[in-house]
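Next up, some structures in structure tokens.
Presented sequentially are two complexes of chain A, the first with chain B as partner and the second with chain C.
And then the complex of A and B:
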């Protein structure tokens, strides 16, 4: 029998890893909901966010948890530009075309970043590194707790934005019925830019959290988390934010369990094994409807 | 002089083959010969991906079949001592078999779910190669693979080049034949409208599986050829990069056309290695990425449609009529 402490440890680290997936998957869900596009390059925004945070932190020494705001703002801008220049011209030409375009974006962002920052693995030290909070049999790193709280706060803000503000409601309307939204006078193209920007900002937040937790990063770090985030939204149901949260946590925990019980090389493979097994039995995903 | 479309295609085909045959004699640079051999292999690989796309399925994990073919052929050749010229086709058979198995899980999925599954499949295969199968495959270190021809044979590079050229031409003829047979018609029917295809008696699941198997087989041939040409194989063969290249080549050249993968591969190889000679490293990916996006937006049918587009533009200009609104 496995020690209960180890199980708790796996659970805790899984939830922490899940936070990053949740932020990525929620962003993708928002973009998919409003624009119905498949952006495989979403992980590159996580990578850019990570580098922006690391650079500002190394130059200025500002608390990295404050820089998260700057990184998110910067990525709203970058996201808006990418949406306007790349995705809008091919809107409605098919999912595969969007994926092919994402491959171009992946080439550009990964190697553009490698030109600016070099392609070696890097890491930064959080100011709270080494501080741990005792919790039952475990010592929980303070950084991980802050990350969980921050993720919850960001999601809560997003929820309030979508439910309570006018723009949020317009966005949800566009996501439910694009033509209908147009008919009642919503500027759907503005909603596209906004949703893409916010989705990118969420990816940037994930990137910041990745960096401050002390994990290593390089320009090619983003592609696999992004595809996993897609796997999560397929499992959790396209367009469903609660589904993304549950799926993200599940993936984080499953990965850590696989890394512990099967060995580290299985960390990435296990996510795709789960995806394939689920799709064999439910071709539309766990909670998915036939939809898009 | 008036040349019909058909004649034009014929002339270009004959010219291309002629250039491919005399190319090794134009320079005694072995680096260039090696580059040409690898380019031919990329053409086979890209054509394999294109055949799958022709049936409306997009794979982002074709490196899996490329790699399985390479590993299987290497292991068979090492264990049995049979010449790689024969084991290539057995290795590709293994790739096709596994392709059909993974196809079974995929054929009922939506087009972009399939892209995800194939992407993940390449990662799963890589993980298996370095964990459970490591005693056979050498893990991350890889294993050496029998060369197509022993380097002790004088001029072996030339013989290798011509055998690769022969296999490339054979592959393209086979794909051409498939595309214009009933099978190919069924593929495009499914791609264009699955419901109507079903109504006219085509079983989409069966035909999709067939496309999957054939595409995996050809990709396996390409992988085995490359590895026997290089003489060494590592699990890097399953990398994301290698899965993306055939996509880039085909989109660049023209999706769903026979000439697309060939034109795309040649054009991109020239750009890629030209930039390398100019000493550009990371930036060439950026340049290729920008070109890819420009082609997708402004030339959705790829480079092969460029002559027609230019002709249209030229005639439109002569007529002085207002230009047609580009895309709807």
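And then the complex of A and C:
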């Protein structure tokens, strides 16, 4: 007999993991949607966000949930520089160039981080650790509730930005039809740099939440989450932000359910099993459009 | 769109393949000239095990410096002394990286002997190369007995200078039976026939499964009154253990035994106590006895147990205490940190390699191999059975004297510190159940 309390607890851990995936995958999908580029170095922005948060927290003692704003701002800047110096010159020259450029960036960011911060595993402790909120049969740690609320808030702000602001609408227009957007006078290069910066900021937010949840991090931590983020956006549909949200949540829950029902070694494999099954029945992903 | 998806899937698979191969290459000296003994050191300088791997490489350098400061290694009875030169190979904490490192050290650098190896899974991956080139290899970190017990390839050139999962798994399970189980029964007011509820959480590799097998075999062989209530595996390098810990908590264990690396063990204990409310005794494998582990654990390490043979923060009273202290001082003076246990055995591994080449009087690999087979040398910094280092005739394993430590929070350090609690001839204090400890129930 399966204990409902345990299932709820595992669902909770799955939603928490999903929050990290959602932020990472949404940023990746935003970039892909607007620029149509493949950036395998996206996980490194999560890693840099994690280190920025940890460094500021350890030096200043500022609440890490406040530092998330600083980390996101810093990554907007870093993302803009990377887009301008690395991706813009090769835009439209072929997917292989993008792939090898992003692989090169992985090496640069990882080794750069190792030089600056060392490559030891590190962790920091949230000021709210040890505080739990009773919820029915569960005792939910406050940090994870904050993480979920923050994720929802960031996604709501992104939604408002994309739907209600002029720049957001221009970004969506660029995503839907780049040439059309150019014809109506939208500065698509500006949209590129903005989408790349915002995508990196979302990765930084994921990195911050990774750190405050007490998970260990080192310069090589980004590779596997990045691969999963790609799997999520393919699952959800390339360029679809709702798809990234649903996909991220699905992956987080599926991974933890697999760890419970099948064992921890199935945790990563289940993500790709789901991906294959979905692609067999719906090659465009859950929310992808065939015309995109 | 279909082509886009297909392309992305292919690219994704390619990225997954290279994800583990993105670490920096280790600095390596130029190829050797003659008149020196070239010792290859295989260590995880990058990747998930880099914390331990760097300690191994840095410890090896301390030994190399000491040997060369004495004029080098005396070759046979001739009296000729030659220096040692250490060449590192970074296994990148991956099987592919290990294969690259071993091949390069053997074929490019043409080392005379190899020392090191941490992850059993990684070390196993390049053993075929060791067998093919017949290079003597003193393994100082990989603890799965498979390393020298496997029969699918020739392991005769591999010598195991660290306790195996069989030996320390049995030792820890015996400690649980003789010390922890009576203490829990006493707390509960239960009789001795109450089965002790032990849970396992282990890395799903040769190392972690070795710990699991050792516990199962020890319980069965000695008919111990211990029940394994939950056995949870996880992928190497995992950082989120909340779900398997939730499953373990639901089984109400009296204690949890971890078959984990330090970068996994500290999060397991922290997440268990902080997030899951699993207030129990956590027993750890010896490789966790390093400074970073104590730092990462913080106050959550209180009451935890580590099976050990070398600790940065304690040493059993006796003749080896000074030798250990000297090593720790040399290490911290050169590297600004404490050495760990894998560093200690690698430090000894360099001395063993030097002794073997010295006894052989040549760098000829077959002669060095024979010297290792016949080796008997005084213990260096770690306590060995009988006070000497030698390798068993069947599986070429050296025999260590082990002990168990319990961690207590030190407010001055802001971290926990270990105190030896077993065996009786070494202990400095008694094992105690912390006030917050919650025993299991059926």
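Throughout what follows, the second predicted complex is superposed on the first by the 281 of 292 C-alpha atoms of A that agree within 3 Å, B and C clash if a C-alpha of one lies under 4 Å from a C-alpha of the other, contacts with A are read in each partner's own complex, and residues count from 1 in each chain.
Operating definition for what follows: a contact is a pair of C-beta atoms (placed from the backbone, for glycine too) under 8 Å apart; a residue touches a chain by one contact, two chains touch by 3 or more.
Computed from a prediction, not measured in an experiment: that's the story for all the values here.
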item	value
Fit-or-clash call for chain B and chain C when the two complexes are aligned on chain A	clash
Touching partner for A:11 - first (chain B), second (chain C), both, neither	neither
Contacts of A:111 with chain B and chain C, given as first, second, both or neither	both
A:121 touches, of chain B and chain C: first, second, both or neither?	second
Which of chain B and chain C A:223 touches, first, second, both or neither	both
Partner chain(s) touched by A:188 [first = chain B, second = chain C, both, neither]	neither
First (chain B), second (chain C), both or neither touched by A:234	both
Touched chain A residues, chain B compared with chain C	C
First, second, both or neither for A:138, with chain B first and chain C second	neither
Chain B versus chain C as contact partner of A:279, first or second or both or neither	both
Contacts of A:271 with chain B and chain C, given as first, second, both or neither	first
Identified clashing stretch of chain C versus chain B [62-70, 80-88 or 116-124]	116-124
Doubly contacted residues of chain A, that is, touched by chain B and again by chain C	38, 40, 95, 99, 103, 106-107, 110-111, 114, 119, 223-224, 227, 230-231, 234, 263, 265, 268, 275, 279, 283-284
Chain C-facing residues of chain A, complex	3, 6, 9-10, 13-14, 16-17, 38, 40, 95, 99, 103, 106-107, 110-111, 114, 119-123, 125, 129-130, 132, 139, 141, 144, 214-218, 220-221, 223-224, 226-227, 230-231, 234, 238, 256, 259-260, 263-265, 267-268, 275, 279, 283-285, 288-292
Chain A contact footprint on chain B (complex, rising order)	53, 58, 60, 105, 108-113, 115-117, 119-121, 123-124, 126-128, 130-131, 240, 244, 247-248, 251, 282-286, 288-290, 292-293, 296-297, 300
Chain A residues touching chain B - in the complex, by the definition given at the top	38, 40, 86, 89-90, 93-97, 99-101, 103-108, 110-112, 114-115, 119, 223-224, 227, 230-231, 234, 263, 265-266, 268-269, 271-273, 275-276, 279-280, 283-284
Chain A-facing residues of chain C, complex	1-2, 4-5, 7-9, 11-12, 14-16, 18-20, 22-24, 46-48, 50-51, 204, 232-235, 237-244, 246-247, 250, 262-263, 266-267, 270-271, 274-275, 277, 292, 296, 298
